[in-house]
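All chains are identified by letter, namely A, B, C and D, in their written order; residue positions are counted from 1 within each chain.
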Amino acid sequence: MARDVEALDLPAWSRASGPSQGPQCRDTMAHLDSEVKEECLREDLRFYFMNPCEKFRARQQIPWKMGLQILKIVMVTTQLVRFGLSNQLVVAFKEENTAAFKHLFLKGYSGSDEDDYSCSVYTQEDTYDSIFFAINQFHRLRNLSLGTLGYGESEDNRIALKVCKQHYKKGTMFPSNETLNIDSDIEIDCIHLDLEALSKDPQDWKNSSFFRLEFYRLLQIDISFQLKGIDLQTIHSRELPDCYVFQNMIIFDNKAHSGKIKIYFNSDAKIEECKDLKISGSIQKNTQYVLVFDAFVIVICLASLILCTRSIVLALRLRKRFLKFFLEKYKRHVCNADQREFINQWYILVIISDLLTISGSVLKMEIKAKNLTNYNLCSILLGTSTLFVWVGVIRYLGYFQAYNVLILTMQASLPKVLRFCACAGMIYLGYTFCGWIVLGPYHNKSPEDQHYPRKI
Amino acid sequence: MARDVEALDLPAWSRASGPSQGPQCRDTMAHLDSEVKEECLREDLRFYFMNPCEKFRARQQIPWKMGLQILKIVMVTTQLVRFGLSNQLVVAFKEENTAAFKHLFLKGYSGSDEDDYSCSVYTQEDTYDSIFFAINQFHRLRNLSLGTLGYGESEDNRIALKVCKQHYKKGTMFPSNETLNIDSDIEIDCIHLDLEALSKDPQDWKNSSFFRLEFYRLLQIDISFQLKGIDLQTIHSRELPDCYVFQNMIIFDNKAHSGKIKIYFNSDAKIEECKDLKISGSIQKNTQYVLVFDAFVIVICLASLILCTRSIVLALRLRKRFLKFFLEKYKRHVCNADQREFINQWYILVIISDLLTISGSVLKMEIKAKNLTNYNLCSILLGTSTLFVWVGVIRYLGYFQAYNVLILTMQASLPKVLRFCACAGMIYLGYTFCGWIVLGPYHNKSPEDQHYPRKI
Amino acid sequence: MARDVEALDLPAWSRASGPSQGPQCRDTMAHLDSEVKEECLREDLRFYFMNPCEKFRARQQIPWKMGLQILKIVMVTTQLVRFGLSNQLVVAFKEENTAAFKHLFLKGYSGSDEDDYSCSVYTQEDTYDSIFFAINQFHRLRNLSLGTLGYGESEDNRIALKVCKQHYKKGTMFPSNETLNIDSDIEIDCIHLDLEALSKDPQDWKNSSFFRLEFYRLLQIDISFQLKGIDLQTIHSRELPDCYVFQNMIIFDNKAHSGKIKIYFNSDAKIEECKDLKISGSIQKNTQYVLVFDAFVIVICLASLILCTRSIVLALRLRKRFLKFFLEKYKRHVCNADQREFINQWYILVIISDLLTISGSVLKMEIKAKNLTNYNLCSILLGTSTLFVWVGVIRYLGYFQAYNVLILTMQASLPKVLRFCACAGMIYLGYTFCGWIVLGPYHNKSPEDQHYPRKI
Amino acid sequence: MARDVEALDLPAWSRASGPSQGPQCRDTMAHLDSEVKEECLREDLRFYFMNPCEKFRARQQIPWKMGLQILKIVMVTTQLVRFGLSNQLVVAFKEENTAAFKHLFLKGYSGSDEDDYSCSVYTQEDTYDSIFFAINQFHRLRNLSLGTLGYGESEDNRIALKVCKQHYKKGTMFPSNETLNIDSDIEIDCIHLDLEALSKDPQDWKNSSFFRLEFYRLLQIDISFQLKGIDLQTIHSRELPDCYVFQNMIIFDNKAHSGKIKIYFNSDAKIEECKDLKISGSIQKNTQYVLVFDAFVIVICLASLILCTRSIVLALRLRKRFLKFFLEKYKRHVCNADQREFINQWYILVIISDLLTISGSVLKMEIKAKNLTNYNLCSILLGTSTLFVWVGVIRYLGYFQAYNVLILTMQASLPKVLRFCACAGMIYLGYTFCGWIVLGPYHNKSPEDQHYPRKI
């Protein structure tokens, strides 16, 4: 953009003079007569629209800002990659635990989810088997599990499994006669199965009236229990281990009453600080090094933020001088497009990126210190800032003449492309709605569409 | 299109006058002399080819029609989405029931269909097992099924399973001697298996002569039965439950006599009004709100329909005046292209869309009131009308200069693109026929193409 | 092409005259003086380069040839589709039979082939089981198979299963000591297992020394047998049933000695005329109708062939006259490009297409009459001819001005596109060779590429 | 490039003379006066920039170099294909052996790897079963395996299976109380299970204290053993068989402590010369023919290398003469672009390609002679050289006028395309980092994202 200055309707004299030989005149300007003032402003304007290389050649001004940006790219990318890798370990631990739970507690689990649910049953016998299997496996967990798992305590300090069933309050139904008598209010019954209760009389609880299900009015069965685990893996990366609380729930969903009960398994993992950690051996904590690195990133971004803000302030001041001078000399206002040239949009991008990086880094330090677990927000902040920092590299490519042509062409064609997208978008929206309702997968198939064998 | 008027060969004077300052002259035109009449027509023509913004600026005419169209977009899309979502529930109920039936009645069903058939058997023993399995499961259905299912009655008021077999009338076949003696007429035998008959002597019916199959002349076995179900899910959306009749048929297809019997499962679900519904509890019907919404859509579309028809009528009247005047003054006819400019094709699109919406909404109300179950037609009507309404948005985009250029370019290039498609289509058609026969998957592979292990 | 005549350097006078009013002068030309002769030639040339519509307008000549071509498109496409559909039935019968054989004779067959082989075994026990399973199933075939199958007789008129094994003549091998003593000549042993032998003493043949396999020198085991079947399906399409001979072979391939024996199943189906067919019932043969249709196609193509040949002959004669006249009058030769204009390349395409259709139709009639089974060649002939016939439609599109521009543009750009493809092809070839050897799937992986668990 | 000479600013006189009729003046040049010298240089320059056809026409110089290049393309491609095919056999043998090992030693192996590991277990019982299954299968290997396998000896000359377990030195862990007491140093225990030990008392070793695993501190179990095999397949291609040593390791990875133990199978195959080979029968070694072919390729490449080097030397000498003459006559330097024209970049490509081919062929001969097994490096050398040789074909296409235009166009547009890629690459890099962290599959899912059944 800045390079376009040659094409603007700035008065011709601002380009008429030879190579820059004028004195440094910014501060002493007020005391000079009109001619010197004009020369001074012309000099400053020319300098303002130079790129770093030209500035260096003109006044030996070392391009601190550019160097800082390049350093920032390296630092911010490194920080993002490190955060992503440590994040992966946490996520992998949770996902592998969830997979292990599904194999342990779901009868006939195939290793991959069917749709949005894990598996499904179609007969009454299979439903009872699946429920009792889950309860039995919970009872035998210590002898089954390979992980670092222990029972967690529920709200009332008992190690127990909570089984709840939702059903319509009362009802009789005779589908053959198409008669239905139902109370549409929903009732929830729960029982708590202690570990001790399970051990004492293994068949007793199975025969309780709770487990005599009336499927035609049953809506949902939930089996919920809490497990605790420790993520030892972090020891290898020289960090302290995390303790996890897994709030698991197995849901048998019969809301559709379609003859198919869908089984969902939800595992909600929370990270907690371990209460009592004793780690001996030849391992050292390296958390402090990470914190120092993060702090260094923050410092760099602050510096970049301050330098860019200063540039914008100076640019606004220069614009004010130019407008005033222009009004005095030519008695007319500078057009808006020229005024906008003074504000470098790249600086605004850099400032936004810096603000994002700083807040992201602060959040990351808090997460490392186990004060917060807001991984999501931190990912978005760091990710967006890195995106902006890399996009900012295009600015430096624009300093090369050949690239500048390319960039200006792309800028010019952008609005046309967007306009075409808007038109196509309208047609696409209409087509989507129409296609969804007419051709969609959930379209009510007429009986003629069904598959019959070839007719003779 | 309307904006192209500048480029037409309308007489130059119609654009010569300054900004619109003339009197409102439409109704008093007949009583004025020729000059005033000409001025009046010029004025009307200029006004006719304005877009809504310009009309507002010229005569402070509020763009009711445009507002109505925008309201219509919102209403029609909302109606479509609501209908689609309620449709999804119905379809999901049917599909889940069909899946449950396949799991219950087909032996060794894997959970997904093989091709267009559900599963297949390759030995005589497997065939007998599959038939007897289906019959047994039907007998035990009450203790198996998780859904709200009951037995349905067949035509002669019996709860029974009907097994039919199609075979050639008589035949002997000795493939080893390549001798074949067959009567190509087809015979159909059926038996009805009552629930009582199945209960009394479980092995008796299996040993009946009916189930001694002669596979070389067997063509097809059909097992058909009727089940009834109730879709309780609609209670949650505060509607009355639907009763369903499932007409199921299991088909063992041996028509190819290729050693592979394909098993098809067809479930034809019909929605019926439940006979005897008693629903208590804190639930309210909200059907009336939906009906009010639909009625409102109809009113809006009627209004839009009337306004657009009126505009077209006025345009035709204006054209008549213009043609007459032109003939009188210049003694020649207006060319066809100019005549066509008077009829706004967007209005025709809007009228078609309105007619579709009105008929779709009426159909939807009938479906809601359980008088009709014609979901398919209703989907097509509402879907097409929504498509047209959204495409109509492009018209309003055409009011912006930048977009208008784009739209005119697309219009101009369309015939060339279509022409290219026609040429490519010819080559493609020829290539398709040729490829189908020469390279197609059903191509008769020669023995040399078969896979042998690598030769030594 | 023909429309380009305006752009050629034919002498200007040939276009100077007004609308065609000259006499029909072709035959009487020789007796007229030079001026009349010139007028006559000019007239004939103008007529020659007209398209059918113009010819009709000029001399009321009805475009028989064009009508014939359009009729031919319909006929040829119909014939191709009918042949393809009947071909599909034959292929489907063979493929379903092969699938049924694999399910019957291969132990643990999963329903789909693994790679190019059907299944594989990894232990000695599984190998013996698979061999004995196949032999047992063959023995029990009558009580197993659902198809119209019977045992076929081998060369020496016995119903028998032939088991052959290939192995190195002799050998001792101690991989632990890396010692190997082997005779690289290959020996083949076979036994024939009669149905009677299999029935008499079921365990006897299993314990024979033949089935004591020495895997380290075993190369291959083949189990081959013949089955016969009848394709009854054709009765429905009112054709006579076909008899099939299935020459099956199960191959246990141990040539790689890699610890994995691949099992191939090859089924080579031959169509034979059934010896003794008695089909009663209300069915009629419709083979004759198909033959009449094919004969009609042949007649049409012959007519088209003759008309096109005649056109080319007339064109060559006209060219000769023109060249002679040109030489006489202007004393110079006509350039090659102009000479080439006289030969219409579309006629050559039509002639090739007609020849292909005629030979294809004759072949098809022979196949229908069960004299030949050369489906492949017939498919290629009919497919190619249909491709040419459809491509020929582009010629008629070229009669419309708008299309002609498009077609000429495509013709002009073709050589440049091909030239670019040649250059890209060179780079692609080099890249393919390089990629195959360096990155290919069969690249010798170094041990470091293997998957180890994450290092601590 | 060479054809561009017409467009260069070489002095006009160098093109002014007629067809080449001058004397062969290269060697006698020094003794002639200035005018003759100039004529001589002009003649040499014109000859230098001719293509082979023109050279042949001008001086009847037979294009040896071009013929050699064409011969080289054929030879190098043949060599590459032969090497690739023989390489495939080796790789297939290794891969099939690995697949066979996985089926033999991994319990419940499904035939394909799950992710980067082969299979996984989730319960303590399954873990013990998998370990004991592998050990038992090793013991029974002789009666199981279909391949040419024997036991290999470990370092201390015992036929034994080595089982190692890694675990934390000591530890107690109560996840329920969130207490952890662990020594982060890792201990490795190993036992060697002799074949004899396994045979004597089959249950004894299972009950040893080594196999009482404490899963909460267990990190990894490795089962490693050595097998030997012989690849007999090479006999068919008339080469000597190779002996292989398979160093297998089964790894049970519990480093994540997530309740899921991943089982890896690594098979590291080394090719060794067989110690004691006795192959009788009608087979002949054809290794020598391959070696002769490779030697021939080397000779051709050497010839091509020498010819191209000579051409470059001559070109440099000619440039020197031209520069000197130009400086003398016109008193100015020749510009760089013109100087670069003298060095034919294709020759440099050919020289690099020749060097690669020669080193690749030498390596291939060493591999054939079983001195080296460096398949990877050899593949890369031969592949790259073949790529260059084929790309070199484009040079000969450039001799045709039509192709030359195409090639020059591509050369001119290349930098612009690369520049666009650089810009797009920046945005892509930023987007990738951002997408990885924000949307990536390893993103830490918040609990709200989990799948719950539809709410009532």
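One rule holds in what follows: contacts are C-beta pairs under 8 Å (C-beta built on N, C-alpha and C of every residue); 3 or more make two chains touch, one makes a residue touch a chain.
By chain, with names taken from UniProt: A, B, C, D = Mucolipin-2 isoform X3.
The structure presented is a predicted model; accordingly, all values stated were derived computationally and were not measured.
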Would you mind checking the shortest number of contact hops between chain A and chain C?
2
Is it true that over half of the residue numbers where chain B touches chain C are used by both copies, so same, or is it different?
different
Here chain A maps onto chain B under a C-alpha rotation whose angle in degrees, rounded to the nearest 5, is 90
Whole-angstrom distance, CA centroid of chain C to CA centroid of chain D, is 39
With centres defined as the mean C-alpha position, give me the chain B-chain D separation in Å.
55
Give the residues of chain A that touch two or more other chains, as numbers and ranges in rising order.
236, 255, 456
Which stretch or stretches of chain C touch chain D in the complex?
121-125, 127, 168-169, 173-185, 215-216, 254-261, 415-416, 419-420, 422-423, 426-427, 429-431, 433-438, 440, 442-447, 450-454, 456
Of all residues in chain D, those that touch chain C in their complex
77, 80-81, 83-84, 87-88, 90-94, 96-97, 99-101, 103-104, 116-117, 143-153, 159, 186, 219-220, 227-233, 235-236, 241, 243, 251, 253, 255, 262, 264, 266, 268, 272, 274-283, 375-376, 379-380, 382-384, 386-391, 393-394, 397, 402-403, 406-407, 410
